[in-house]
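Below, subunit A partners subunit B and then partners subunit C, in two separate complexes.
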Partner chain A sequence: MGFPSAPPPPAPTRKSSTTIIALFVGGMLALAILAVVFVLFNQPKAPEADCEPGKVCAPQPSLPPVPSNQPSPLPSPLPSVQPSVQPSPGPTTVPATLPPGASATPVVPAPTPVSNSPIVLSGELWQSSALNYSFEYDPNRWSLQDSTDDTAVFYSVRYDAQLVIRAVPAQTSPAELIAQQLAVVDTFMVGRVKDTDDYDALLGPSIGYVDGEGDVWSGVVLSNDGTPVAPGGVTVMAATDGRLTVSVLVLVGSPDAQVGSGTQQHRVRGQADEFLKSFDWDTRS
Partner chain B sequence: MDDITCNQCGNQVPRLKFCIRCGDPLADELAAESVREDRRRFAAAPDERLNAVSLVSTFFPQLPRAEMRTFRLAFAVGVAIVVGLALLGFYPIALASAAVLVPLLFVLYLWDVDIYEDEPRLVIGATMLWGVVAGVAYGWLARGQVTASGFGHTDLADTLVAAVGMPLLEGVLMIAGPLVLLRWPRFNDVLDGATFGAASAVSFSGAHLIVQSLAIFSAGLRPAGDPLLSVIQMLSLGVLQPVIAAGAIGAFAAALWLRYRAPVTDRHALGLVGQPVAALLGAAALLVAAGLSKTLLMLIPQTLVLAAIAAVALLWLRRALHLGLLQESREVAVEGDMRCPNCGLMTPQHTFCGQCGISLRAVPAARRSAKPDSAAKAEAD
Partner chain C sequence: MIGPSALPRRMFGLLAICGLLAACSGQPAARQASSTVVTSTTPTLNSAAAATELGPTPAGEGIQFTVSLRLPGAAELDAYLHDLITPGSSSYQQFLAPEEFGARFGLSQARIAPIVAWLESGGLAARLMPQRTSIAVSGSAGQVSNLLGVELVDWENAAGRRYHVPVGEVAVPANLNGDVAAVLGLNTEPLIRPSAVPTPLKAGAGDGLVPSTVSKAYEIDPLHDAGLNGEGMTIAIVSFDTFTPSDVELFDRNFGYTGGTPVELIRLAGASTEIGEGAGEVALDIQVIRGIAPKAQIIDYEGPNTSDGFVPIISRIVADGRAKIVSISWGLCENWSAPSSMRAEQREFAAAFAAGISIFSSSGDDAAYDCRRVDISDNPFERDLSPGVDWPTSSPSVISVGGTFLTLREDGTYVEEAGWEEPLGGGGGGGGLSAIQERPDWQSGVGVDNSASNGMRQVPDVAGPADPTSGFVVTYTDYEMGLVSGQVGGTSAAAPFWAASMLLTQQLAEREGVAGLGPLGPVLYQISAEQPTGAVFHDIVRGGNLLYSAGPGWDYSTGLGSPRVARLARAIVDALNQ
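Moving on, here comes the complex of A and B:
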């Protein structure tokens, strides 16, 4: 004989079960409604389009219009600084037909000029001596946090954002490198899914003028104690020149937060352009 | 009424269905008095085994059996609400609901059982308020000190701060409020300490989660994210982590109350569980283990580890409550009959009801002290 099979009826409770359940569900719903109101009150505004749909969109003139009775402004003089490197001549071709009496003269191609001028830098130069690639960045916008021969990690000075450039030998394809980088992202981002918003689309991904592939993702960023702290946006692209495969990843916290007329993610991606445009795939050449 | 030897506690007790000293069912003793069977039943819920992982009977030990069913249902409904919201993609709302799930149940429990109806209600309210205030302060601190994860070199110092330092700070803040109440002799039950500790811990957990995640609430109603992973995360944030905090802090507080509020002769009777230093180390170990898993593991393995830690925390709190209740029962002499607030039948006034086995110390003080009326006496006779 074990535990009594028919325990005595319990004493009347102070509050009925229905009351307890109703109060609990009501409390949960009330707090949920409060949260909805708070979220709606604080949700980011939709970014403003630079151009109105259906209308010709051109940049506004930066100068006031010139009255028609005034002379046209003179073209600004060319810079007095002479370029140190002469432009290379275009390809020399022999005409298909010679004028009568003319003799064909062999054309000797001009040697490619070699520049001895220092590299023009628009920012700070980061260079990998092992893999021989480099890029420039603006130290007023980006702070270098971690650097190895194959990877450089930057934090945005102004925004909640991180930029990671990684290079590996070309045996790794761009898609594989992107997958590796996203696997790292998954250690601190929960619920990562593709961002299908047209506004966030990555158009014509390229690194150092080499076309590549890439995508945009969204999720929730965790703090290093595991607590969810902010929504996150990840833009990742990769390209290869046959020697190296390089990925550039931009991680933005609260990507849809409004900054000016756009979003924080757009602003940070705009600032990341300097990395892409200044990227030199082979510093030995 | 002749006596029988209770196999559980070894005392001579009246021949009723349950031992009035330890609450153990006496059915086996009555059937075969020579048979001794070690059936370990939870003192606050005799229909459950001591080593069962049961959230409601452990967190809410003063609930009569019928109301435990109600609270189990409420808890299930709350979990369903959180899961549903997460599945529908309403991440911020699911997060807010997860943060208040266990604290709201705790408030309802305290309101329902009126544990301190003869005491200022401010006591328990202040304990929970302390948890909220400390949780908000900790949340703001964590927003500044605990950096968001990301790429780059993993700094050992940062990891130690996040996985060890911050959980220990959480523990200090959660126990600080209940410690103030330890000075008051009128809160002299182990259950008091466990209730104060658990109340402070769950309110702290909810408050700091909301504050630390405030940026989530500025991302719109349905930010992008995989809903299935969100569900797992919400269960971790809304159930497992509050349970770990409440289990660790509640058990530590119970040990403190046993050590400083129990009779001198009982202070070492519980072994390690009743030693404040050992309990302190145990609570710290649970919090740090949870911190390490949150810092080092990805969501799914992390959730599995947290579930195991939560089970250990629950079992520890349950054992501390059980042993505390048994220990206290030895100090009480039988003082006539009373009507059991749980089953409504008459029982000798001691620690456990002889009819249904509930711990009479685990029911509100007002109900426990009710005097039997004449009808009840007649029924008993």
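Moving on, here comes the complex of A and C:
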């Protein structure tokens, strides 16, 4: 399991055997969380790509192996690069001279035909059949680790980072959902404070073009035995369309580690935007 | 294990302070007693905080700079520019050749001669531009220092790029000071940034845009089908880097183009002769244009990357008079441009407007927060999270091009666009209100007057595909990695997309006997007001730029929208035929 769902609200009844069982299960869950966090942050770290804004990334020979049936996440130098450029299907050569009679024929655009062709996806589609929302992600960048009706957990392929998308009925406000997610974060992070560095500021939080709220925090990630192991950065946003409330949480280990000309947190957050752009709040419409 | 924390950017402060106070690097040169001071026009930002001072610039090193001239007819110029685009006016569509512009609005030859004589007295070579907006000057560092009373000091930024900075204030003889508006280009710190955003190339259906998909999605195909491919037309690109000609040949081969004209290079004094960090930008501009207008003559005007670097390039484009469509994909936060530099550049853009030249300028890739820098090497003191817009896109004499995220069907047909924004990464198409430039009369229409309007220039005017997720496939020679291929977005792509589309419109106009399109900004607003919603523009109503949302009519994220090119071309030509 990856990043777990937030705990349910406390039951209003007195403690019973069910409650005790629930507490036991909860305890086990917390242990599982710690174990996952430990595993996550102890994974062999992919080397940081020297890939700066304004440049196309260079191939990194020491990257984790990519399955042979998937394209490399990075552009390749020639000669392999040439075939990767897709020539336009059909005739591509523009006439060198005007076709006969062209100059006498005014350009009158034809009506645009209606197409039934499928919409191009920007990546893999993830969909909740229970809550009817979906989004797309690039499997070369993100690995799906866990998936339930309301939650999907991804690990970054190249960075020490995790992304969690969670949806709940809109009775839970964005602020409440953010608080729930942060409560879970607090089970493995200490000293969590708001990150006030302008460099990390979250400007214009939104999910799937629905304006929301959110903020950035920093703290220290604990190992499963409670030992501080590394700084961590947490960015959480939430928004609601009146039917669902959705949160997007991005957790980054060593957020200020330099990657190219930026930080690891910036790089990861930039890659996480694809989830937001493709987010469909209601797949039935 | 989690890697060690790295927090280097908080350590840059001390270096940056020294950079901001450039005088700490040397002694100002003594001023001539008979001279008055022209404010050193370019602030020393030393944006790469780890910049290193190398010492005095060698006396024999070649130096280029520009003397920007006062326009005594500025008030008359404003009236003329208004009449130029006002139907029924005696000056309507009466564009001026550069010599005419100079004679009408510029200094007299009698007043310019002493300025040239002063420059030549110091051993410098001076070339007056025919529109009399500026003088291009060159000489050695020693000659420049002696004449202007400044010391030139070499620095090297974190990327290893060497540049020189003037220490002291430029002194101009008192009798010339009223006519010399600014001395520009002495600080060659590369501050102007490309607006290109690359992503790694992905395979599969979601691959980036190629010429055929662009042409189909934006309805350029009808123009191609009518034989409009840019043949006989000329388009200019403004560049602060250069390109590898074989990349263009490779592009032609990849996409089956034959018989295209090689890209012409006009390299101004001081421009880099080798590909650098901005080579991808130049390649993007060329390839986007070539994919839309493969037979057009592309001229790449390359100049030195200084914060006031648009002056020599734009003045040269106007003087040459060959291209009526220009694409700019470089810029900087307008707050970083010194007022005197911006005024000098605006004079050049106004001269271009008067010449009937349409300049398409990318609105920047930092969404509504253009002054926010995100590179870790940037000077933390320069970070500014207040809303801001890019320059020169905020010029009232250019057409500002914002960014969209394009969704297509697998057969290449258009589905929809959203204003390009990246809430987590902080990117997006630039847009908002200028703090410096006033809104021109021609910027009007549904949505333009809104609750945020304050009389200042509102950008962008239009939009095009810019989100790297739906970016253009570009193959080019990188200065470090050799030949690479990637999917590139940014408003850097949207600007040449619009410029090339309007070049085909110009070709259609010429075919149908319309002499010239003129500056297209006013025409686009006029047509938007006349045409039904969605008829010639895709009115983009989703997305935004992290501060402003896209919505019906004009908005701060996507302006009037993206083009349905053939339909828009038809409407423009019909409007100009009336």
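Points to keep in mind about this one:
Just so it is clear, the second predicted complex is superposed on the first by the 167 of 285 C-alpha atoms of A that agree within 3 Å, B and C clash if a C-alpha of one lies under 4 Å from a C-alpha of the other, contacts with A are read in each partner's own complex, and residues count from 1 in each chain.
Rule of thumb we're sticking to: contacts are C-beta pairs under 8 Å (C-beta built on N, C-alpha and C of every residue); 3 or more make two chains touch, one makes a residue touch a chain.
Quantities reported herein were computed from a predicted structural model and do not represent experimental measurements.
Of the two partner chains, subunit B is the only one touched by A:D146; subunit C is not.
By the touch criterion defined above, A:K277 reaches subunit C but does not reach subunit B.
By the touch criterion stated above, A:S122 is placed in contact with subunit C alone, subunit B being left untouched. Within the superposed three-chain model, A:G219 lies in touch with subunit B and out of touch with subunit C [touch as defined at top]. Contact comparison for subunit A: of subunit B and subunit C, C touches the greater number of residues. By the touch criterion defined above, A:A201 reaches subunit C but does not reach subunit B.
By the document's definition of touching, of the two partners only subunit C reaches A:S261; subunit B does not. Looking at the shared chain after the overlay, A:L251 reaches subunit B, while subunit C stays out of its contact range. Contacts of A:Y209 after superposition on the shared chain: subunit C is touched, whereas subunit B is not. Of the two partner chains, subunit B and subunit C are each touched by A:V229. Comparing the two interfaces of subunit A, the one with subunit B and the one with subunit C have residues 42, 160, 221, 229-231, 253-254, 256-257 in common. Partner subunit A is touched in their complex by these residues of subunit C: 1-9, 193-194, 196-198, 200-207, 210-213, 219, 222-224, 226-229, 231, 250, 254-259, 277-278, 280-281, 294-295, 367-369, 372, 374-377, 380, 383, 385, 405, 407-411, 413-415, 418, 421-427, 467, 469-470, 473, 475, 478, 480-486, 488, 508, 511-512, 542-547, 549, 564, 566-567, 569-570. Touching subunit A in their complex are the following residues of subunit B: 17, 25, 27-28, 30-31, 46-47, 64-67, 69-71, 73-74, 77-78, 81, 85, 91-93, 95-97, 100-101, 104-105, 108, 112-114, 142-143, 146-153, 158-159, 162-163, 166-167, 209, 212-213, 215-221, 223-227, 229-230, 233, 237, 291, 294-295, 298-299, 302, 340-345, 355-356.
By the touch criterion given at the top, residues 1-4, 7-15, 17, 20-21, 23-25, 27-28, 31-32, 34-36, 38-40, 42-44, 145-146, 151, 153, 160, 162, 164, 184, 186-188, 190-193, 195, 218-231, 249, 251, 253-254, 256-257 of subunit A touch subunit B in their complex. Within the complex formed with subunit C, the residues of subunit A that make contact are 41-42, 45, 51-58, 71, 73-78, 81-82, 84-99, 102-103, 105-110, 112-113, 115, 117-123, 138, 140, 160, 198-199, 201-207, 209, 211, 221, 229-231, 235, 237, 248, 250, 253-254, 256-258, 261-263, 266, 269-274, 276-277.
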